[in-house]
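Shared between the two complexes below is chain A, which has chain B as its partner in the first and chain C in the second.
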Partner chain A sequence: MHDRKARRLVEATLIDGITRAEAEKAEAEWKPYLEEQLKRMAAEGVPKDRWPQHGHWDWRQKQEAADAYLAYRMFGVECQSQMQGLMLVLTAGKNCQIESQKGKPLAYVHFLAAAPWNLATVAPDPRFSLVGSILVATAIHLSIEEEFQGRIGLHSLPQADEWYRNSCGMTDLGRDHAVQDLRYFEMTPEQASEFLK
Partner chain B sequence: MKTNLSKEWLTKRVERDEKADVSAGMLDLGRLQAEPPTARVESIQASAETESLHPAFGRLINLWRRKRGLRMDVLADRAQIDLTELIEIERNLHYTPEPRTVYQLAKTLELPSERMLELSGNLVVRDSSLGEEAVRFAARSESVEKLSKDEQRALEEFVKFLSEK
Partner chain C sequence: MQTGTPSRKTMTLNLTEAEMQALDELSATKDISKTAVLRQALRLYQMVEVRTARGEKLFFEHDTTKQKAELMVL
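The block that comes next holds the complex of A and B.
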């Protein structure tokens, strides 16, 4: 992880298989912070299109799903005793749409989020960066482990479209009317290899 | 799982992540809830055969919901699924819903969950007669506000077939 204030890398732990207690702790820490910042944004008259777009995700329920359902894997990045980011990945039933990989299986990133205090769109003074890169790299490694050769797919929230397109080098397959008109992105084995370089 | 992120790689990524929001998923949606459709999910495959069953799945949900006198928002709420996904299931007959959504709908509407997973394209169909029955059912049911007698009959026969297997 990168401590923005200290401007240096700090130790973090990647957790494969989030426990119920860890999800509850993350929820208990993220929610009040997010609510406090939403109140501040409302008071300051910040336009709603700049508000965070995943405010109501319930990570406890996602953890239960991951626990009960073998095709889901849930990961977290912990640093300084706090969960800095969470991700839920589906490893079955999703296939590539991109022409060169059409029909081949991929790991689908169902949900990915950084803790609200790490988001430039939420926190006045964001604490850590690299959460997104670490989690995307983790999804790629999971895809390789599943013998999907690094192929991943996800629906990006509008505020993150540019990051997935330009910073991750994923292919933008356009708006998906089946999923709230969100843009759907895929990463080919070549793009995954490039990302990990 | 093996991850190998070097200090050099992380340093290189810092600049790219500086002002990024990284969220992926669905807007304001967090209702993914625990349901255990068993380890068979590992055999999930998309196939031409399951694709042909999709129209029957969407039609079945639509008719069974209406038979029970449930509005879409009420069913979505009871099943703890997103309303937009329910609309998509009923209106886009080629849409493949998430396994968890199918399981929730089956549980709420008291329909056999494994058959629903097969119909929706989430599980490989093991019984060829399901395909024939599904096609017959889809052909007999049309979208109207109130269930016609024929729709009612087609619906009841199809649910009976599903439950018997």
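The block that comes next holds the complex of A and C.
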């Protein structure tokens, strides 16, 4: 990961299989920080459409729900004893929609978020960058491990559309009326290979 | 990386010709090995079992007609 303040890369730990305790700790650290920043943003008159759209996600609840299923894998990136990002991936039952890959299985990124202090939209002085990229790369590696050749898919919150389209190089398949009208993105094996470079 | 990936175990599977043919076809269509097909099947089956045990039902919905049909889980 990149420490923005120190302007250097720092080592982080990728955790495969987030425990209840780890999810609780992350939630306990993320929530108060986010609430504090939202108060500041409200006081500064920051328009609500610039507030984080995933602020209501409860990772403790997600970990508990996903823990019951073999099909879900939960990952986290930890640095300086704090969780810097979390991701929940579904590894069964989702198929590609892109014509060239149609019907072939993919790893579906159900939820992905960086800690609020790493978000440029929230933190006045964001701490680490590349958290999202590490998690997307992790989803690609999981897809390869599952023999899906790097194919991944996800529904993006509007604030992240541009990042998935331009920074990750995913294909935008348009709005999905079945999933809150969110835009649906897919990555082909070729795009995955390009991303990992 | 700290990993939660469990170690893998090997087993022998006895299938009828029809079952093996279905497995071969799925493996070819999905472009994954037969082991990966069965792993997918197990994960989905386990998910259905957990949810039906909670009192939920599994439906298929036709994309255009929106007609719903319940999947009978034995």
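Following the convention adopted for this analysis, the second predicted complex is superposed on the first by the 197 of 197 C-alpha atoms of A that agree within 3 Å, B and C clash if a C-alpha of one lies under 4 Å from a C-alpha of the other, contacts with A are read in each partner's own complex, and residues count from 1 in each chain.
Please note the rule applied: contacts are C-beta pairs under 8 Å (C-beta built on N, C-alpha and C of every residue); 3 or more make two chains touch, one makes a residue touch a chain.
Given the structure is predicted, the values throughout are model-derived calculations rather than measurements.
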Three-chain arrangement built on chain A, chain B and chain C clash or fit: clash
Per-residue contact with chain A, leading partner among chain C and chain B: B
First (chain B), second (chain C), both or neither touched by A:V131: first
Partner chain(s) touched by A:W51 [first = chain B, second = chain C, both, neither]: neither
First (chain B), second (chain C), both or neither touched by A:T121: first
Which superposed partner A:I15 touches (first chain B, second chain C, both, neither): second
Which superposed partner A:K62 touches (first chain B, second chain C, both, neither): first
Partner chain in contact with A:K104 - chain B first, chain C second, else both or neither: second
Which of chain B and chain C A:E147 touches, first, second, both or neither: second
Partner chain(s) touched by A:Y33 [first = chain B, second = chain C, both, neither]: neither
From 19-27, 37-45, 73-81 or 145-153, the chain B stretch with C-alpha clashes against chain C: 37-45
Chain B and chain C contact sites that coincide on chain A, given as residue numbers: 14, 16, 68-71, 92-93, 103
In the complex with chain B, residue positions of chain A that touch it: 2, 9, 14, 16, 52-59, 61-62, 64-65, 67-71, 85, 88, 90, 92-93, 95, 103, 109-114, 119-121, 129-138, 141-142, 145, 154-157, 159-160, 162-164, 167, 177-180, 182, 196-197
Chain C partner contacts - residues on chain A that touch it in the complex: 13-18, 68-71, 73, 91-93, 103-105, 146-149
Residue numbers on chain B that touch chain A, as the complex places them: 1-5, 7, 9-11, 13-14, 16-37, 39, 41-42, 44-46, 84, 88, 92, 95-96, 98-100, 122
Chain C - residues contacting chain A, complex: 1-5, 29-33, 36, 39-40, 42-44, 46-47, 50
